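Next up: some structures, all given as structure tokens.
Here come two complexes built around chain A, the first alongside chain B, the second alongside chain C.
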Partner chain A sequence: MKEKIIEILSDLRSEFDFSEEGVDFIKEGMIDSFDMVCLVDELEQQFGIKISGVDITSKNFSTVASIEALLKKNGVE
Partner chain B sequence: MDLKFRNKTITGILTVLPKRVVPFEEEMGDYNFPEKNSLRLKKVMGYNTHRIAAEGQCSSDFCIFGLQYLFDNGLLDKDDIDALILVTQSPDYYMPPTSNLIQGHFGMKNDMICLDINQGCAGFEIGLIQSFLLLEQETINKVVLLNADVLSSKVSKHDRNSRPLMGDAASITIVESCDNDQEILCSVNMDGTGAKAIMIPAGGFRTPASEETAAMSEDMAGNLRSLNNIVMQGDDVFNFVQREVPPMIDRLLERANKKVEDVDWYMFHQPNKLMLNKLAEAIGIPYEKMPSNIVENFGNASGVTVPTCISYNLGDKLTKESYEICMAGFGVGLTWSSILMRVGNLSFNKIIEF
Partner chain C sequence: MPVVKLTDHIIRNKLMDKIVSYEQVIEFVGEIRNLRQGYVTNFFWDEQKHPYWILDNSFFYEKCENCYILFHQNIGFTNIFYISTSLEAFSEAYQQITINNDHVIDVVCRNEGKGELDILKGLGYEPYKCLYRMSHIGLLADDNWERSDEVVYANDLDVDMVYEALHQDFDPICEQLPSLQEVRDFAKRQQILMIKDGEKLCGFLIFELSGTTTWYLRYWYTSPEYRNMRIGAKLLKASLIDGKMTKRQQLWVISDNENAIKRYEHYGFVKEKIYDYVMIKRYKL
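Let's turn to the complex of A and B:
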């Protein structure tokens, strides 16, 4: 799942390296709120899930680990 | 805050759109982002074309054009108007009130009230609630509610966050007293602690527009704008809407003792398609009962999106039939408001171009 997330992020913003651990994508300006909504769309399509509107927060998209946790919450294994 | 009214009705809705149609692709080159990303955003947010006022066209021009159309076609008599409410964030001047200018233009009677209200995304609901409150007076039988905004000139052309969704438009809604005592349920909520989430920082008395405020600067996401431009904390606004609107609608339905499926149409404010889809999913509304095609075709003209949604999606049907409609607006203020009422058998419900 981790590799898939990095692949999706890299496709969205190819100029950044999303594989580096401990980087906060939001604070570092690697993804903004509009990238985030594109990411939601992509994750929903790729994993066949519906992410709740209240979960579309910076916190849930700031690291690969937080995105992974969000996917797990939505039943992705 | 819960409000309840009886013996009030909407008898006509006219939406006035600018003739100028601007496709998303035409402006895409102005953004500091790869084309691929912009096109992805277009798909997710539902951006396609938006209507932009011609240079120099002000809020009052759209209202006057629409009112003249109604007078000329015998759909409204100016002497019957007891109150003229204009909800706008783009008045012609700081003073006088733009509603007074419109009244003066037509030489309407002096025995009436003109009122400008500074509200945005929830402007239709706030305007309707104010109309209902005025109609509680025996001397007021007919209120003309004007919603108008021409904010496209306040958006930086290099701001991908705000420009693609912005639209200019006006609407005219006739609100009257009636014998039907069916309940109209309303909810209105405000949170001024989030007031700066959507704002134009300069140009008012606090920070007058100057050479300094016109200087462009780049935000972390690569958008260029000045303090004279609209700035929106997109993620904060999105979160606020997702957090506050579903429980507001749930409560409104509970007060009416209705289920989601008992309502025919959910006509909501339209900042973008994703936000609406997520609201529909949270409340359990089928997408087909909540049209999300206004931002896609016309852009988001603040308080005008809900009447535009009604005119565009229901059109003539609403002159022959009536529906249980739930309306909701949310945004600038922060304000969130909703109304559940029966709307139908209107004298007119259409869109014209100016």
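Let's turn to the complex of A and C:
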């Protein structure tokens, strides 16, 4: 799942290395809120899920680990 | 100096409440998405810009069926944003509201946005301008670049001068001009570079740095009497030196500003397929 998340992020912003651990993508300016809307759509399509609106916060999209946790919460194995 | 003044309508109309926090906007998004009927928006939270709208009490919302409409009061016009299950739901909700000045909607999309634009045209909007996003990927500033001695950071005493030039020479409808407090804060963060001739302003450039990765050009200005004297080039170079660690540099440019586009292309910027269509509905008595 981790690789798939990195692939989706890299498609969105190919110039950045999303595989680096512990980097906060939002604080570092690697993705902005426009990207975040695109990212939510892409995750929903690729993993066949619907992310609850209350979960669409910067915190849940700031690292690969936080996105992974969000997907697991939505039943993705 | 112009200041934002709320229209009588908004003061009178108790249905429109102030937006008081980022979290509140997130709640709107959550509520609409949880309806599971689709999701469209033209509002993308910008930490560098939107908190000021909340602070100066110029940001409002109205809750409608399947839709939230957000209003940002400007001098002489209102920016409209939607957080909605669909554009049709927004369209229905929009027809229930009245505001007594011009309305402006930005549609940001990765394509030509024909569907969105057609719906807005049906609501009485007409195209005003189109902006492209341009970007450069990779390090841009050359190690050999030297910053001109003429370039200085704007200080508190320069803020009024910069603010006045912005409001005299830029188009408020499509260039989302900053408030005086925003300009003050840009100066504090050393994000306004300027060149002066004695007390006269020759030019300035306002930029942002998002973390250590992205450099973002906000405003680039040369006074008419100082054009063709390489003022702009010196300012741009100095700001790129300040952002030399960034891996992405980006800006928005008005599509018919061919001179600016040529200059950006000269520095290696390329047009992205991301557009901002600015649509306007003129208020008629």
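Operating definition for what follows: the second predicted complex is superposed on the first by the 77 of 77 C-alpha atoms of A that agree within 3 Å, B and C clash if a C-alpha of one lies under 4 Å from a C-alpha of the other, contacts with A are read in each partner's own complex, and residues count from 1 in each chain.
The rule we apply is simple: contacts are C-beta pairs under 8 Å (C-beta built on N, C-alpha and C of every residue); 3 or more make two chains touch, one makes a residue touch a chain.
All values derive from a computational prediction rather than experimental measurement.
Asks: Figure out whether A:I8 sits in contact with chain B (first) or chain C (second), or with both, or with neither.
Replies: neither
Asks: Tell me which partner A:L43 touches in the superposition: chain B (first), chain C (second), both or neither.
Replies: After superposition on chain A, A:L43 lies in contact with neither partner.
Asks: Counting only touches as set out at the top, which of chain B and chain C does A:L70 meet: first, second, both, neither?
Replies: neither
Asks: With both complexes overlaid on chain A, does A:F16 touch chain B (first), chain C (second), both or neither?
Replies: Touch partner of A:F16: chain C, not chain B.
Asks: Output check: A:I56 vs chain B and chain C. Expected answer is one of first, second, both, neither. What do you get?
Replies: both
Asks: Does the superposition put A:F34 against chain B (first), chain C (second), both, or neither?
Replies: both
Asks: On chain A, what residues does chain B touch that chain C touches as well?
Replies: 13, 29, 32-34, 36-38, 50, 52-54, 56-57
Asks: Can you list the chain C residues touching chain A in their complex?
Replies: Residues 26-27, 29-34, 36, 41, 44-46, 108, 110, 137-138, 209-214, 247-248, 274.
Asks: If you look only at chain A, which of its residues touch chain C in the complex?
Replies: 13-16, 24, 27-30, 32-34, 36-38, 50-57
Asks: For chain A, which residues count as touching chain B in their complex?
Replies: Interface residues on the chain A side: 12-13, 29, 32-38, 40-41, 50, 52-54, 56-58.
Asks: If we count contacts the way the header does, which residues on chain B are in touch with chain A in the complex?
Replies: Residue list for chain B touching chain A: 37, 40-41, 43-45, 160-161, 220-221, 234-235, 238-239, 241-243, 272, 274-275, 278-279, 281-282.
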